[in-house]
Amino acid sequence: MNPRAMVKLSNFLNSRNKLFQHKLLGESVGSCFKLTSSAAGISTSRQSYGADGKISGRIFADYAIFKGKAALSAAPVLPTFSKLESGHTKVERRGTIMLTFRPAIGERKYDSEKKQLFALSVTEIGSFISLGPQDSCEFFHDPSMKSRDAGQVRKSLSIKPITDGYFISLSVTNNILNRTDRFTVPVTTAEFAVMRTAFSYALPHIMGWAHSTNQLSDNVSRDSSKAHPQLAAAALEWDR
Amino acid sequence: MNPRAMVKLSNFLNSRNKLFQHKLLGESVGSCFKLTSSAAGISTSRQSYGADGKISGRIFADYAIFKGKAALSAAPVLPTFSKLESGHTKVERRGTIMLTFRPAIGERKYDSEKKQLFALSVTEIGSFISLGPQDSCEFFHDPSMKSRDAGQVRKSLSIKPITDGYFISLSVTNNILNRTDRFTVPVTTAEFAVMRTAFSYALPHIMGWAHSTNQLSDNVSRDSSKAHPQLAAAALEWDR
Amino acid sequence: MNPRAMVKLSNFLNSRNKLFQHKLLGESVGSCFKLTSSAAGISTSRQSYGADGKISGRIFADYAIFKGKAALSAAPVLPTFSKLESGHTKVERRGTIMLTFRPAIGERKYDSEKKQLFALSVTEIGSFISLGPQDSCEFFHDPSMKSRDAGQVRKSLSIKPITDGYFISLSVTNNILNRTDRFTVPVTTAEFAVMRTAFSYALPHIMGWAHSTNQLSDNVSRDSSKAHPQLAAAALEWDR
Amino acid sequence: MNPRAMVKLSNFLNSRNKLFQHKLLGESVGSCFKLTSSAAGISTSRQSYGADGKISGRIFADYAIFKGKAALSAAPVLPTFSKLESGHTKVERRGTIMLTFRPAIGERKYDSEKKQLFALSVTEIGSFISLGPQDSCEFFHDPSMKSRDAGQVRKSLSIKPITDGYFISLSVTNNILNRTDRFTVPVTTAEFAVMRTAFSYALPHIMGWAHSTNQLSDNVSRDSSKAHPQLAAAALEWDR
């Protein structure tokens, strides 16, 4: 009944991060309703040459799930912005949740050279976070769209319910390289709850709403005698 | 069974943004439970003359849904504030979620000149985010309220359940111009989940609670020997 | 069937804010499932003598519901902090959600002199936001606790389900003044959804968790060769 | 029927915080559905020698529940970061929710010297926040993992449903000291709702997503003629 399994850690990440190795740690194994044996980790590179001890540049914070045949990690990608003639700023390219699949190539070793990406759009995140326990879902992407290679690569992400969680599977058919890659990662209810909570948190940031609602307000009026909160909707509907 | 549909992009937004064109992109089409063919985008202007590459001015971040007969976009509008004699600040006019409807005037072209607005109030947002899958809802606005044209324009927004999502419809009856505009946009469950999550996120900002709870705290006491956290409620109920 | 009702606005807030008047505005009335006639507003003072147009001091952002017999408004109160010998900072007094009831003293006039307060504690907010549609709840406060007047004033807040929402009632029995004040405000499902969303947002701020999780991180290590994310729990359980 | 119980406060926290005393305060007792008698508080030290009145250092903000046989408190622990060669920053060690149990050693006195810790990992938090009213859950930790004492200490945290809430129990078996400590704290539905809301709030911070999504964006392009928001997913899937 005790699912603890002592597995030694040996982490040989090479300097170019081509080989993505991970040892399941037996330290923290739990069960909800029934015993499972899963572990979630974060992909880490070991280089840390910073001198000032301050956070700088981009911050990488993947949520990774390491399973027998493949690893799945998820990370938010922020939107980009462009300036308008008016001096205001507009979302240029919405952000995404980037999913990365890496195949297992040995006992708890994952191959970053054979990784495949799938960038969940805002609406696809909406599907993801509203999935009920028995629901399934499938998305199709063509990363070469609008180029001369349009249609040559087809990606399909499917989410299908299992007893405790979901199978999340990616299929990538590349007609140019004449190959198909398939990944399937079992995601427990607990891991899916982490994703749902984190994706829901990230969504307004990915849409740019976190930026537009948190900007410093310079809307402090000096003479508000003519305004009334109840008139907000009406006034705004006319003003714009 | 494969809902992928390659549609070329041609985007002829004119410089005054009067004509709002959009081509559905076949790149990202998915299905949950059953096949649908919808796409969500962001209304973009192409002008970006900024020199310093920094975000400035207001940030525009609409969530837009482009469908066959009309496009619907939603964006948060922040509250305005006024100063009190005491030096403190008070919400003057609450924010809203501004909904914008544009009619289709050709294959995936939307006419911004004929757009109509509906500003969801805080309580209307409460109705929106608490809608169950089978619930419906209707709101009525008079944007000319309190002016001599009161009653001349009547707006009605209705949300009605369909198999996978809702119909969101706006009807605007203008007795002055002697015309009625009607828009109906089918919103999928996934798109509605995006709206619910984004609207829930925006709500405390629109109410001003995000401003009042995130202000820098200068409440650090030097002698706390007389205080106890359990007394908070009681003390506050007397102090004010 | 059209619930629109044109009501003129006349707002005679006196300079000391003793009389809290409010005119229901017919502009924005809606219905969900069945017609209702309610309006939510924000209590505003008209004085705005600020010169620089910047937000300063405390920010007041009440969510107020004006009904026939009483008005109910809610606002977050931030925690206070105290310094420890170690130089670190600790929550001294947790924040609350302050509920304020004002009796109606005429057509849509509310008397601020007869207002009564009820400060929801963190755990009471937990009860509030987890109420199901058919659930009820009751809280008891003694604002004079631990003083010589302990037991002289008894406050009871009850939340009881009705067809579309809840009755929120406050009863204050003051043995010193020999009087009992009672307020009952019908809160629609939409208004309750606003409160639930806003209270859930405010809760981590009231607990001080928003402060402790958003502090600038100076946790960037220069030599991380000995660390591994999977060891976090174990290391922390030993270190403290 | 009135659950108010006047209990005097006497708080003799010694300077080293070894003895953790707490008096239940009768001020704020409530009931939902049925009468209960619980109180939630915050563990406080009384020293506050700060001179400038500003918040500095780490901020401690526990959520504590004081019951008859033991006290349970919860607090978020932030992740640590490390710099990469590229100048970017990466999560080095994920944060946790640290649970602390203290045994009661008299009427509402809790012994900090005999406290035991359990650090909930990100995925365990996912289990916690997705628990249904009838669900149960159990986690196992070995804080000595990977040292020569591996397997000598075994910790087990279990969450089991009761009529109004859950029993949260910790069992620590220490083979070196030849002892087993057990704690069981009944947590009401309201207290669990506070934890669920606060843990859900803290999760993106613990994962590092709050840091990666809130970083200042320098993604403002000057020439965006070649970009289109709909291409985000495709472009990103190729670029990385």
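In order of appearance the chains are A, B, C and D, and numbering begins at 1 in each one.
The criterion applied here is as follows: a residue touches a chain if its C-beta (ideal position, glycine included) is under 8 Å from a C-beta of that chain, and two chains touch if they have at least 3 such contacts.
Keep in mind the model is a prediction, meaning the values are calculated, not measured.
Enquirer: Could you classify the subunit A-subunit D contact as same or different, where same means more than half of all interface residue numbers appear on both copies?
Expert: different
Enquirer: If you average the Cα atoms per chain, which one ends up farthest from subunit D?
Expert: B
Enquirer: Indicate the whole-number Å distance between the mean C-alpha point of subunit A and the mean C-alpha point of subunit C.
Expert: Centres of subunit A and subunit C (C-alpha means) sit 35 Å apart.
Enquirer: Roughly how far is subunit A from subunit B, centre to centre by C-alpha average, rounded to an integer in Å?
Expert: The computed centroid separation for subunit A versus subunit B comes out at 24 Å.
Enquirer: Going by the touch rule set out above, which residues of subunit B reach two or more other chains?
Expert: In subunit B, 9, 25, 27-28, 39, 42, 44, 48-50, 55, 79, 81-83, 89, 91-92, 94, 121, 141-142, 145-146, 210-211, 217, 220-222, 224, 228-229, 231, 233-234 touch at least two other chains.
Enquirer: How about subunit C: which of its residues touch subunit B in the complex?
Expert: It is residues 2-4, 6, 8-9, 25-33, 38-40, 42, 44-45, 47-50, 55-63, 75-83, 89, 91-96, 98, 117-121, 141-146, 155, 188-194, 197-198, 201-202, 205-206, 210-211 of subunit C that touch subunit B.
Enquirer: Hey, which residues of subunit B end up touching subunit C in the complex?
Expert: Residues 79, 81-92, 94, 121-127, 129-131, 135-142, 145-146, 150-151, 154, 200, 203-204, 207-215, 217, 219-222, 224, 227-229, 231-238, 240 of subunit B touch subunit C in their complex.
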